[in-house]
Amino acid sequence: MDAALARAWVAAVAASVTAHAAELTDLDAAIGDGDHGVNLRRGFDAAVAALASFEADSAGAVLTKTGTTLVSKVGGASGPLYGSFFRALGKTLSDDPDAFADGLRAGLDAVVRLGKAEPGDKTMVDALVPAVDAYAAAAPSGFAAAATAAAGAAADGAAATTPLQARKGRASYLGERSAGHQDPGATSTALIFAALAGLG
Amino acid sequence: MKKFINDPDNVVREALAGMAAAHPELRVDLDEQIIVRADAPRPGKVGIVSGGGSGHEPLHGGFVGPGMLDAACPGEIFTSPVPDQILAATRAVDGGAGVVHIVKNYTGDVMNFELAAEDAETEVESVLVDDDVAVDGSTWTAGRRGTGATLLVEKIAGALAEEGAPLAAVAAVARDVNARSASFAIALTAGTTPAAGKPGFDLPEDEIEVGVGIHGEPGRAREKLRPARELAARIVEPVLAAKPLEPGSEVIVLVNGLGGTPLLELYVMFDEISRLLAAAGVRIARSLVGNYVTSLDMAGMSLTVCRVDDELLRLWDAPVRTAGLRWGA
Amino acid sequence: MKKFINDPDNVVREALAGMAAAHPELRVDLDEQIIVRADAPRPGKVGIVSGGGSGHEPLHGGFVGPGMLDAACPGEIFTSPVPDQILAATRAVDGGAGVVHIVKNYTGDVMNFELAAEDAETEVESVLVDDDVAVDGSTWTAGRRGTGATLLVEKIAGALAEEGAPLAAVAAVARDVNARSASFAIALTAGTTPAAGKPGFDLPEDEIEVGVGIHGEPGRAREKLRPARELAARIVEPVLAAKPLEPGSEVIVLVNGLGGTPLLELYVMFDEISRLLAAAGVRIARSLVGNYVTSLDMAGMSLTVCRVDDELLRLWDAPVRTAGLRWGA
Amino acid sequence: MDAALARAWVAAVAASVTAHAAELTDLDAAIGDGDHGVNLRRGFDAAVAALASFEADSAGAVLTKTGTTLVSKVGGASGPLYGSFFRALGKTLSDDPDAFADGLRAGLDAVVRLGKAEPGDKTMVDALVPAVDAYAAAAPSGFAAAATAAAGAAADGAAATTPLQARKGRASYLGERSAGHQDPGATSTALIFAALAGLG
């Protein structure tokens, strides 16, 4: 991945979370506090703005900056988590611009280290794990195919959170009542990978 | 949605500007988005920083001042502050004796304060507040939420820090107050965040949410609306079950409005609750009735009970001078 | 209707019982239905009694204590107290130096206080509060209503009485504060009285009532909801028109919530209002932001501006120790 | 009027304001503060209770007691006004049990003295004045006929308040918006005279 593609990805995510802000917020209102859409829109808009005045010629630098901006602007649970994800991904790419699969894995690890969620806890991890796995599996077929596979896996992972009872984040406070709603963070993870696939 | 706002995205910032205008005795930094005691940092004094999402006013900004917090960092509405804010606040109050972070136990708050503490240039003790017994503390949840007890923790830790106690002691008393406290809340209606523009959930005219938090989320169960007497029992029971009190125990009681409930009704509830506690042999040493830890315009109330000893009562009674809580000064 | 009550007919009595339980420093007489300062009557001190319908809490009961009221007599919800209550309160605070009745200008309040004053065994000075400039004071109305300025009148007269000033002086300063004050209110929603069980009026999602009082009644006009900035102008304009202020004037500003509006929004309004006053060359010497003179759970706010001099500021700053207002003590 | 008839009247008023409490409250909610029905129900229930343990053998004593109880229990504008009305009426009857027309006039005078309303101000006075006049005019035909005439006049007077703009009481705060609603106090006055006519 090069700097231009990384910028395009961040811009595409920003457009997507803006377009889906109401949907994300509604999902979060059902089992959380109704701010996920606003949080991500604020964060990715800030990332796009930060990148506009940021001279960087590598995807690693672009995505690290994106992560740092998310940490500084989002707050809540998703800010540090997505921020750490992009920071870890960026750092990996700074070392090796072609190690996108490894970068995604590093991002996932950072999310799990910070948030301590396991698959099945009804969080963004439920979309992130299958997406990272699918990307790695399809990586030999090239970026476009791998991104498409990851997007599909993330969407499936997000959809699969619906019946689950949450064990992490605000939704866990609802106990059994959290079942029957799709997790907002898993849903935004699916949007992030859909944006990646859209670049191909 | 009907609110006194200009733009949902600017509410927090504009409210901060309002606080700055209304409270010249505070230092409000609109860029860092923090509220700081005018005389901070005080050399040798442990600094106390708290913060969390906005929408709970007067918590936390209304509790900045002598005898309570040294700084507050308000996040967006119902969204924890970001590490930059927390760091700025930590720096602003660092008098060389270390800083206590009082953190309500929400995933977002915990992570953001954690990131800030990692980068802090001073010694930081993080104190988690998790008093809401509506949520069980098992591994099946993110743990109990921090709600009404936050006020007690901030007041009592603030008093001890004001006396010049060292970092470990201030953190210890804060943790002690939290451990001695239990809270439980009921909502009659949902609140409306400016961003969402509509109530967080719909409730029929004869139903209530029981075991709610302070972020507009639905509670543990939906139940029928009942008379105040029965609601008081519904709320006292889990609190006493979680923190059993021996007859003769002395407690501080906070009957807290969630924002949309008239004070008159809070006093009706206090009447019922005080009877129930008396029947359990518990003595109310001090009490507070009002809107302190709110959830925007949610109609509802929470009960916090904290078992105290003479030393905690002394610290509770110590002078405090903030916008939202003031006595003896 | 969703409220923390047992029976609409008993709300006031039960809330009084709650006040008694929460405030051992007050003497609450449930039979006479009055709230009295524990040390009343104080020999030689002018007694200050106020009262009115309930539903405006913390007004008046929350303002009983050293430095403010000696007694309050809460009527039923939005219904003035009866002469018996007022008489009982007057007796309870009569220290031989006479008693001031602070009466909000409503037909019912005026008549009931008048009947009580006729029967009082001590010298009584009645002070009418009529600060609400939404209502014109012509013979076409019952005159201006008493609203937010009541707090200022009670605070400042209470401070002077505490210093031992004679009856005429206490009444005079109370009248002076009223004469210097102007208020104006906006409602976003109607409040619900327990007895009526439904909101006092219906308002579409995009409309507000402008020029409302504190009894759930509709206002002078129905207008469109607008951003906070424009609503602040809408509210400042009639206040300054009624009591023109020369550039350089010093004022106390009360931005008061009507019960259902989050503190966050009140601070947004304070931000806007302070800018408008600054633009008019007016200096805000002191301010108060919060729910003080409420109308049950009405969403809305009122602005009160009172032009002060050094002596009034001194009295405003004097110590006060009540459930609803406290500083310096 | 004798004590029994006076007691029957007060009981009938209590029953009537209870039956019409919601209606009175709704009228008051439209242009006042929505408590008129509750106020009068509380007051007349208290009067009935007070009379139950009150030994009195004259209408004058019964109605004076009624007035005193209303003053002590109602509050608001209507408490002192109706209280003064019944006290003045009772006092007149204590002097001369047959002077019912004079008693009504004395009651009206007391209301005007205290409340300073004039006809046309959209208050109870708009029902009271025609009722008192009608009673006096029909008094020669006997109590039943006079009470019936008074009740009709009070009802007409109450209805005639609808188009008026209020100049007294809370409704005056509404300015022109008070027009188009019948005055609650005039309406309860009509109920009081209807109860009187019902005794005949």
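Each chain carries a letter (A, B, C and D) given by its place in the written order, and its residues are counted from 1.
The criterion applied here is as follows: contacts are C-beta pairs under 8 Å (C-beta built on N, C-alpha and C of every residue); 3 or more make two chains touch, one makes a residue touch a chain.
For clarity, every value in this text was computed on a predicted model and none was experimentally measured.
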| item | value |
| --- | --- |
| For chain A paired with chain B, centre-to-centre distance based on mean C-alpha positions, whole Å | 31 |
| Averaged-CA centre spacing for the pair chain C and chain B, given as whole angstrom | 28 |
| Geometric centre distance via CA averages, chain C-chain A, whole Å | 53 |
| For chain B, residues contacting two or more additional chains | 77 |
| Chain-level touch network, classified as line, ring, star, complete or other | line |
| Which chain pairs touch, all of them | A-B, B-C, C-D |
| Chain C-facing residues of chain B, complex | 1-7, 11-12, 14-19, 21-22, 54-55, 57-58, 62, 77, 188-189, 203, 205, 208, 225, 227-229, 231, 255, 259-272, 274, 284, 287, 289, 291, 294, 296-297, 299, 301, 321, 323, 326-329 |
| Residue ranges of chain A touching chain B (in the complex, touch as defined) | 25, 29-35, 38-39, 42, 71-81, 114-115, 165, 167-170, 172-175, 177 |
| Of all residues in chain C, those that touch chain D in their complex | 8-9, 53, 75-84, 106-108, 111-112, 114-115, 134-135, 139-142, 145, 193, 195-196, 200-201, 213, 215-218, 220-221 |
